[in-house]
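A, B and C are the chain letters, set down in written order, and residue numbers restart from 1 in every chain.
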């Protein structure tokens, strides 16, 4: 089907590509054969059965349920209980050091005992961050349907490296910031900063499609939902 | 008799599986539908089109449209042939730039129905009064399932047959591996798919496999017989003609 | 030569045979594809508006393709405005040259990579190796494939053809030399974590693909699971991302649509563990230099085909592979391309047009399962048939096959002629049926009978019966 395209030495590739693209668009595509084309027949073998139960749940309940599916650890509490819940979770794990972003509500970490705590000033080397066990952040937006934490480098979320290198991530999510679906995500967050969507701990299914929680990112995810 | 349909039997049913067509005539007559057989009819052109010889298919499209011109309704005994007409005829006719052919094709295409689709969708019938006291599994052929979306028509018709026990076919939605010339061009792959399909059929423990495409059934039954499984195949029309007055068809 | 293609020992009918008879591969693929089909069905069933989402995805991609030159220029402007540097590569050799010279400018001889089909398409790793640069794959499956000097066999799970015991042995001979590993997926993943950790912390340059790039803002998006992507996108000083021209999206809200469509179609998850977006260079967070390489490599040629161009809507989810009965029995290698399965069967012949790839449009029964699951509604069966016609019209065909089809069409072009041939066949049915049952059969009939009996020719055709009985059968 035609020879490989010769690249012109005279014209820049930019101009050449744009010209080829423009020329390629002259002929319009034919339309689809029918309205039903490519749509699975409901109720027929192989067609996904429709599941409606999620529609009736509150966003916080749904968020929790989906997170649990990802094997994240979830706690729900009132605002004043956050410090004790975090301290309790810390005590249940073997954690000796933690990093926090500069803008984190310090009252949240008041009750954690016996660990080395550092505040990220933005200049700590990756090597240093990699040697820290845990990170605690807030969360400015979360998505219930997909169990997603949306981190956009807010003051209480920090830069990307601090939620990546430590093996334990503790994230405090106020239920007021949970949106239902992905569809209006970008109405709630700005892309001026880098965005990381986190849906459960790091995972792979690369070996025989068996899901393994934990590869390179934090292998342990703890989410505290504050009502 | 209030309705008259033109029967499109399709080329290989005409030659190899005439009893399917005779059964369809019997069922339609029983439902007070008068049947015509325009004898200029041959083939829908699917095999040419699907193999990559679309220009040759164009002449067969023309022939089909001429053969069935003036029909009130056309009932076809193959889902894949019906899908060919419905999905590709207008485009193929348009290639000729023959306005008369194009408008005749436009007029004809919506009048062409697959047999089970015609019974349930147009006549509104599910119980044709058939009796077939056997274990049957239904294989939804790909074109009937995904192009025509008539899975439920066939299953409802079978469900209404007295004495018939419909058993589940595992992996029913998977293609049997026929695919027209695919069966010989990629014969090793076709055979592998066929082996899995016949294994599912045997596991389903049915006596008979039913479908709405004799082409797929010819492929499936070829292996069921070669391997001595004792499972038979039947076109849906033949099942629906069972137990009706008039005995043998 | 051209007309002999059908007889040559290349192409899918031949490359698939070995795989079809590989019991380990068949078992791996069957369990993997059925598991992922089930997962997909569950999360798709939860989205009440799934079909509407698919139509939206289709519409957005069609909009992009219909004004692609304008969107690319807009993307270039946006990326430049936020501190990125845009490069244009007409083909794979130009893309490779650009990437190599960027690496060399920084004096590096090692780069880390995020799984990227586009760089596989470029054979980038091999090119870099030939020029003294080692590229380390960081996705677990890509790492397995790279260590085994193998080729990917699935878009999403490139090492789907390898069993855990094969991977254990591979790791014991490479990245975990001198250690004895168990064959549990968790332990094997841990071995790769240990091996790659140091690479992540020390590498200065990363190379990635691009899942989506947003024209209005210059935002680039990568979707992944393991966190290796985040490592590559966050830790090195220089990030080089390569995207095909079709990866651009008009607006941010369009990106949200694809973040719903892609994970559910791909891994069968509501959302993949990690999705990263970046908008140029972010001081104090991530790479100090961001290069975006925009690649054509014959995509504009695909775009010029009004039917075939819909293949460019593809978002590389691999749902079509997972439902394809042919792929399930052949695996990816039989397709001889970085793009296997149904999407590969329509992309490879258009993008690469190698002799072997021209057999791919026939590597399908046209069952249509791929079309139903495609999140951007690519009518793969339609494109397959279109490409069959195109390949034949360009002269890659068997002369004898064409002659047979011409003869069949001639017979079928008149009812009388067909009737006559049928009558001859029914008269000769006794010797013919004997021949079909046990005689020596050449050609297609022989191939057919190798696995199936040939049905007997009946004593009369339907039209013969109709002539005798039609008028008094209740009519």
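The definition used in the following text is that a residue touches a chain if its C-beta (ideal position, glycine included) is under 8 Å from a C-beta of that chain, and two chains touch if they have at least 3 such contacts.
Since we're looking at a predicted model, the values are computed, not measured.
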{"item": "Category of the chain touch graph - line, ring, star, complete, other", "value": "complete"}
{"item": "Pair sharing more residue contacts (C-beta pairs) when B-C is set against A-B", "value": "B-C"}
{"item": "Chain of greatest Cα-centre distance to subunit B", "value": "A"}
{"item": "Central subunit by CA centre of mass proxy", "value": "C"}
{"item": "Chain centre separation (subunit A, subunit C; CA means) in Å", "value": "26"}
{"item": "Whole-Å gap between the CA centroids of subunit B and subunit C", "value": "32"}
{"item": "Centroid spacing, where centroids are CA-atom means, of subunit A and subunit B in whole angstrom", "value": "49"}
{"item": "Of all residues in subunit B, the ones touching two or more other chains", "value": "146-147, 173-174"}
{"item": "Touching two or more other chains - residues of subunit A", "value": "30, 33, 37, 39-40, 46-47"}
{"item": "Residue list for subunit C, restricted to those that touch at least two other chains", "value": "368-369, 371-372, 391"}
{"item": "In the complex, subunit A residues that touch subunit B", "value": "30, 33-34, 36-37, 39-41, 43-47"}
{"item": "Subunit A partner contacts - residues on subunit B that touch it in the complex", "value": "86-88, 91, 140, 145-147, 149, 151-152, 169, 172-174"}
{"item": "Partner subunit C, residues of subunit B touching it in the complex", "value": "9, 11, 13-19, 21-22, 25-26, 29-30, 34-37, 39-43, 45, 47-57, 59-60, 63, 67, 142-143, 146-147, 173-175, 177-194, 196, 218-219, 221-223, 225-226"}
{"item": "Subunit C contact footprint on subunit A (complex, rising order)", "value": "1-2, 4-5, 7, 12-14, 16-18, 20-25, 27-30, 32-33, 37-40, 46-52, 54-55, 66, 69-70, 122, 126-127, 130, 143, 145-148, 153, 159-161, 164, 181-186, 191-210, 212, 214-218"}
{"item": "Sites on subunit C touched by subunit A in the complex", "value": "28, 31-32, 35-36, 40-42, 44-46, 48, 51, 62, 65-69, 72-73, 88-91, 94, 138-141, 144, 157-160, 162-164, 167, 185-186, 188-189, 192-193, 196-197, 200-201, 214, 217, 219, 225-228, 230-231, 234-235, 245, 252-253, 255-257, 259-260, 263, 267, 269-279, 282, 284-286, 294, 296, 298, 300-301, 303-304, 306-307, 309-310, 323, 349-350, 353, 358, 368-369, 371-374, 377, 379, 382, 390-391, 394"}
